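This report concerns only the one structure given below.
Order as written gives the chain letters A, B, C and D; numbering starts at 1 within each chain.
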Amino acid sequence: MKRNTLTLLAAGVIAASSWIPVAQAEDSMYMPSMTYRTGPFAGGGTPFADGYADYFNMLNERDGGINGVKIVVDECETAYNTQKGVECYESTKGNGALAYSPLSTGITLALIPKAPVDQIPVFSMGYGLSAAAAGEQFPWAFVYPASYWSQLSSILKYIDSNGGIEGKKIGFIYLDVGYGKEPIPLLDQLSESMGFSVAKFPVGVKEMQNQGSQWLNVRKERPDWMIMWGWGAMNPTAIKEAAKIRFPLDRFIGNWWAGSHSDLKAVGESGKGYLAANFSGIGQDFGAVQDILKYVVNEGKSKVGSPDDVGNVLYNRGMFNAVVLAEAIKVAQDTTGKTIIDGADMRDGLEAINLDQARLTELGLEGFTGDVQGSCSDHEGNGSIFIQQWSGSDWEKISDLIPPMTDVVRPMLEEAAESYVSDKPDWKGQACS
Amino acid sequence: MTDISQTADAVESLDTQSDVDAPETLRYTEELLRVDNVSLSFGGVNAITDISFNIMKGEVRAIIGPNGAGKTSMLNVINGFYHPQKGVISFRGKPRRRMKPYKAAASGIARTFQNVALFKGMSTLDNIMSGRSLKMHRGFLWQVINIGPARNEEIEHRKRVEEIIDFLEIAHIRKQPVGKLPYGLQKRVELGRAMAMEPELLLLDEPMAGMNLEEKEDMSRFIIDLNTEFGTTIALIEHDMGVVMDLADRVVVLDYGKKIADGTPKAVQSSQEVIDAYLGVAR
Amino acid sequence: MELLNSIFVAPFVDMAAYPDFLIQVIWEGFVAGVLYSLIALGFVLIYKASGVFNFAQGIMVVFSALALVSLHEAGVPAWLAVVLAIGIMGVLAVSIERLVLRKLVNQHDAILLMATIGLTLILKGVGELIFGGEPKPMITEQLGLPTGSTDWEVFDGIVIFQHIDIAAAVIAVLMVMALGVFFSKTRIGRALRAVADDHQAALSVGISLHQIWAIVWFASGIVALVTGIMWGARSEVSFALEIIALKALAVLILGGFTSIPGAIVGGLLIGIGEKLFEVYWGALFGSGVEAWFAYVLALIFLLFRPQGLFGERIIERV
Amino acid sequence: MLYREAGQFKTSYAADQAMLPILQDRIGILVILLVAFVGIPVFATDFFMGSIMIPFLVFALAAVGLNILTGYAGQLSLGTGAFMGVGAYSCYKITTLFPDTNIIIAILLSGVFSAIIGVIFGLPSLRIKGLYLAITTLAAQFFLEWCFIRIGWLYNYNDSGAIEVPQRKIFDIAVTGASATPMVRYLVIVSIVAVLSLVAANVLRGRIGRSWMMIRDMDIAAELMGIRPLYAKLSAFAFSSYYCGVAGALMVFMWLGSAEVEAFDINHSFLVLFMVIIGGMGSILGCFLGAAFIWVLPIVMRGLPSLMGLDILAATTEHITNIVIGVLIIFFLIVEPHGLARLWQIGKEKLRSWPFPYASS
């Protein structure tokens, strides 16, 4: 008897896809986790995913979930690959997913248009599309606690407050993909208004570990400061190269994805002095982190390699991602009165978030980050950053919180949002009063 | 004895001349291909040195010589695969120096190869159909929809190919991939492919190498039929002297890239220089 | 006019104005070139002896270096870790020969190439499974490699030489010399050359092809380990290195698939060429030209000299 | 028992040359088309259409493209991803420069641009062969990737550097953009793929297809039979790149919705190559089998641990999937270089002669 391939295949695939766990049980909510524990950026993806999962699990263990509803964290491996990420999204969105945090600009860009259709918000915490900060145009996307543009403006403010920026030359070394190129329009604009000059040094993804030429060019250009938008293996290589050409590392500032423990571990002592922006607290001296250690890590319920990794920059950032989501769930529960919420409620919750210092203290995160307060139109929460410095063995916070230049950044964000929406006739924004 | 030495002398004297008039009056009158003073070398190594001969329309011409004599190189020069450094080749009276192989094919020269050069991934039918490539002209767009002209053309040529398949008695392997056929059959398919081109001049490079007696007889029969029934002019390289003597009208003998004899099989066979060349007499 | 100036005049004026910088650029290119050469060397060894175009050479670099670092992380002393890593490459070579090459004898070279692409996937999967996907710092100091730098004051400027780069160059030279001795003085080496010249003839005088293949794969495994250590010391050991290793393919086109001197000269040409091009002309194209410079150079080169710098002219036969 | 060709006599060359000479095969194709055009849209879930069928069809089309070049014309290419990128970026430019262009036409047109680029990078194939050529396609891959980043015009100088698919409608039904339903997108894509596959099958069976196979099997002999290598090779590059280009446009416009340059990187080229190897070089059917296999395998692998009640890290299954695909590639190259398509063929032969296994055909 002859069968045809396609039907066989179809049967097999339907069977396979139905294996994917459907976790919408009575008393739990489903929280997908897009991770990349493989591929060239696994070094950053792994601690982030650990922190993310451990916080939700801690809430489950300590409090029995959020308002008594447990959170099921389901990991899907994207390998930092957009196709796989979209496939993860499509395969899990039907499970009652509350929000997606893709941890990749490419995947975020692919999900932003899908979010309003599927009614599931996208929370790209400090990455993705800067323009998504404009809530009027992007009701379903959030970039708390700050967009890339806000971050860059804070970094420039830091430089300005350390010897002035006018008349200086700023070198900008970046990963030559969408992520790295994002801040360039703002940099160009601010160079005029603040009176500094810019030299750009793109690093191709394939050349991440082969930056000799870029740093030769840096030596040729002799900038006063260097700013880096890097990720993965690009970071340690850049810091090593900077040290090699004797660039003063205390004038070399990475963005918040270029300042993790895994980046600097490979550099060690020779990276001493290197600066980086950050918005999530460092170390284990927070109540919430201690609870994670107590309820999850020490109970052997974490995937984290060693307990020492808890509290690392990216671990804590992954945890903070979960904190914001958990807080949004709680806000949504409180406002709707439901215990089990859906994606639309989650969106409202995210928009109404108010993580001020009092609330952070309640959560066991005193001084962990600046106030994050969302609104209908503000989807970046006006978050602040601080600057940290590598001591040769660990990160140390060396500055106070630096708020962004909202007055300059906001109009640009809105303009970018407009242009994004312009060729999408059916795009639905929202009116904010 | 005297007889032999005389003919041998005749051959010798011929060799010293550069013109290539036939040693005896032939049945054939029209010259199809003419090779004049051709030399070919690879990075200083001479493969062919100053060779001249001709092929008359309708004859069977054999090229013989010991291994490494430059026979295959000669065929490669004739169908444009190698470009000689010196000399001129004229086909149907038109002289040419450099020619691309596909142009040689277009002008009516086909060949088979010493080591079977069939398209191994294709069936017998497709291999022979491939010989019709030059005769098929329907453009890309017709091919895309594959109805009307392109299809009719395909069917029309299929008819010709089926005739060749019948002629060569290979109907039973029509749809088999050629890679797995026995050697003798592969040689036959290759001949079929060359026939499909309906060439004026067919170059056969050792068509009977590695065959048993029965297969050789079959192949000889095909070659004779091809020559007499279809009137195809044939130039062949062959080691089996018996076959050469039976088939060829005229023979040209090469040794170390030089022509050492040219004439009827009988005349060549008795040439002292030819005998020396084959026996390896030190010179 | 301005364009012509920026192509033909300005870069050279720049070079002449800051000769110290030019020297630095050439030195950096030289060191990168040494590493390209080492990867290409691994390719050439295998191609010479078995006709396999080993696409997996890049991942072998990562795999061996990761094995070394992970062993050390697991508490094994550095010297022992090196020995064990070499051992792992040996086991790998034997298994590849047994399980893959032996079964693919006499296959078309494109098939062999694709098989090594499959091998790349396997090594990647196994490597990430065992050692994890995170980048790891190379154990430079534990291996006794130098870390400092030396300044050379010249032309009113300085040229900085990293000791690790000098070490890389020295080790590369030593390794090429060692391979030279191995090929010319040992019995196995002579057998290897015989195989490279003519497989059939080598077989007929009683040389075991299987043994030879295992040995060359082992030898390129060691070359890979050394490359991995050197490159790892310059940045870190991560799977991202694999893509850089593809540049060695361009090197091979310049140098020819079978020539060891070709691999070295080709590597240096590409290393120095791409640095000079990026630094002095890159801005014209909007920088980042290093990503394709090597390949496009190889492509142009191919059009004029398909057999490579040191390869022999190819005569086609029918 | 039912798969028999006994009694089906061909009385004309036309009938003998038909694409599917055996009645049962024709019925089989009919059933497949029925399932594809009616069964799946009616019964399948959005996930099945959007995340399994659409990517599968995109990859199958790309694999057809690569197979034409590698499997039929014998020119190994490692630049498939970049050629898909050319298609995607062209389509983006067409739809944004001429917003009124019908989206289907824009997609089909975008293949023309990648065909042109394909011909340009195919030019070296006239002088160089085999592995050397593979390296020049690598040059194409990296050079084009760089162009996608560096030439801002290609992505309309977006800040994100990505191409965002605009919304386009046909008869007031959204075909692209986020509000296009998976069913609509699926139907568009399955129609395009079906038509293009038929075209490929036609071309490959005719004079042009034969000239490619001649070049593949024995280029010297082909030339001596009157095939011009210039035309044969470049037409193969053009035709193949056209398919890759359309596949790339479909990938972005019908599936991903937006794309950065990474969507077209070298790993993507390899993925399509794996599909061709495992599916079967020189077989259109193989492209579909290979694409289905390579795309579905990881999804099944991801489902397996939880099905078996194991708690394995998502990353671990990813690694194991890599290993499995690697092993399968080597396995197929050793045991059956013509891949799944050949296994399918053998299965059919067995079925033909069943229950008399030694009655050879």
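Methods note: a contact is a pair of C-beta atoms (placed from the backbone, for glycine too) under 8 Å apart; a residue touches a chain by one contact, two chains touch by 3 or more.
Note that the coordinates shown come from a computational prediction; the quantities given were computed from them, not determined experimentally.
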* **Pair of chains joined by the greatest number of C-beta pairs in contact** => A-D
* By C-alpha centroid distance to the whole-protein centroid, which chain wins? -> D
* Asked: Which one of the chains is farthest from chain D, going by Cα centres?
  -> B
* Would you kindly tell me how far, in whole Å, the mean C-alpha position of chain C lies from that of chain B? => 49
* Structure fact -> Between the Cα centroids of chain C and chain D the separation in whole angstrom comes to 33
* Structure fact -> dist(centroid_CA(chain A), centroid_CA(chain B)) in Å evaluates to 73
* Asked: So, what's the distance in Å between the C-alpha centres of chain D and chain B?
  -> 43
* To do: Quick one: which residues in chain A touch 2 or more of the other chains?
  => 37-38, 42, 176, 202, 204-206
* To do: Send over the residues of chain B in touch with two or more other chains.
  => 81, 113, 117
* **Per-residue multi-chain contacts in chain D, two or more chains** => 142, 146, 149, 220-221, 224, 315, 319
* Asked: Okay, in this complex, where on chain A does chain D touch?
  -> 1-2, 4-7, 9-10, 12-14, 16-17, 19-21, 35-38, 42, 75-77, 79, 81-84, 86-87, 90-91, 94, 105-106, 109-110, 113-114, 116-117, 129-131, 176-178, 181-182, 184-185, 202, 204-206, 303, 416, 420, 423-427
* To do: Under the touch definition given earlier, write down the residues of chain C that touch chain A in their complex.
  => 18, 21, 24-25, 28-29, 31-32, 128, 132-137, 147, 149, 160, 162, 231, 234-236, 238-241, 243-244, 274-275, 278-279, 282, 286-288, 290-291
* Hey, which residues of chain A end up touching chain C in the complex? -> 37-40, 42-43, 46, 176, 200-213, 216-217, 219-220, 232-233, 236-237, 240, 244-246, 262, 265-268, 270
* Spell out the residues on chain D that touch chain A in their complex, using ranges where they run on. => 1-3, 24, 28, 31-32, 35-36, 40, 44-48, 50-52, 55, 96, 99, 142, 146, 149, 159-162, 164-167, 174, 177-179, 255-263, 265, 267, 288-289, 292, 296, 298-300, 302-304, 306-307, 313-315, 317-319, 344, 348, 351
* To do: Note which residues of chain D are touching chain C in the complex, please.
  => 74, 76, 124, 127-128, 130-132, 134-136, 138-139, 142-143, 145-146, 149-150, 220-221, 224, 266, 270, 273-274, 277, 315-316, 319-323, 325-330, 333-334, 337
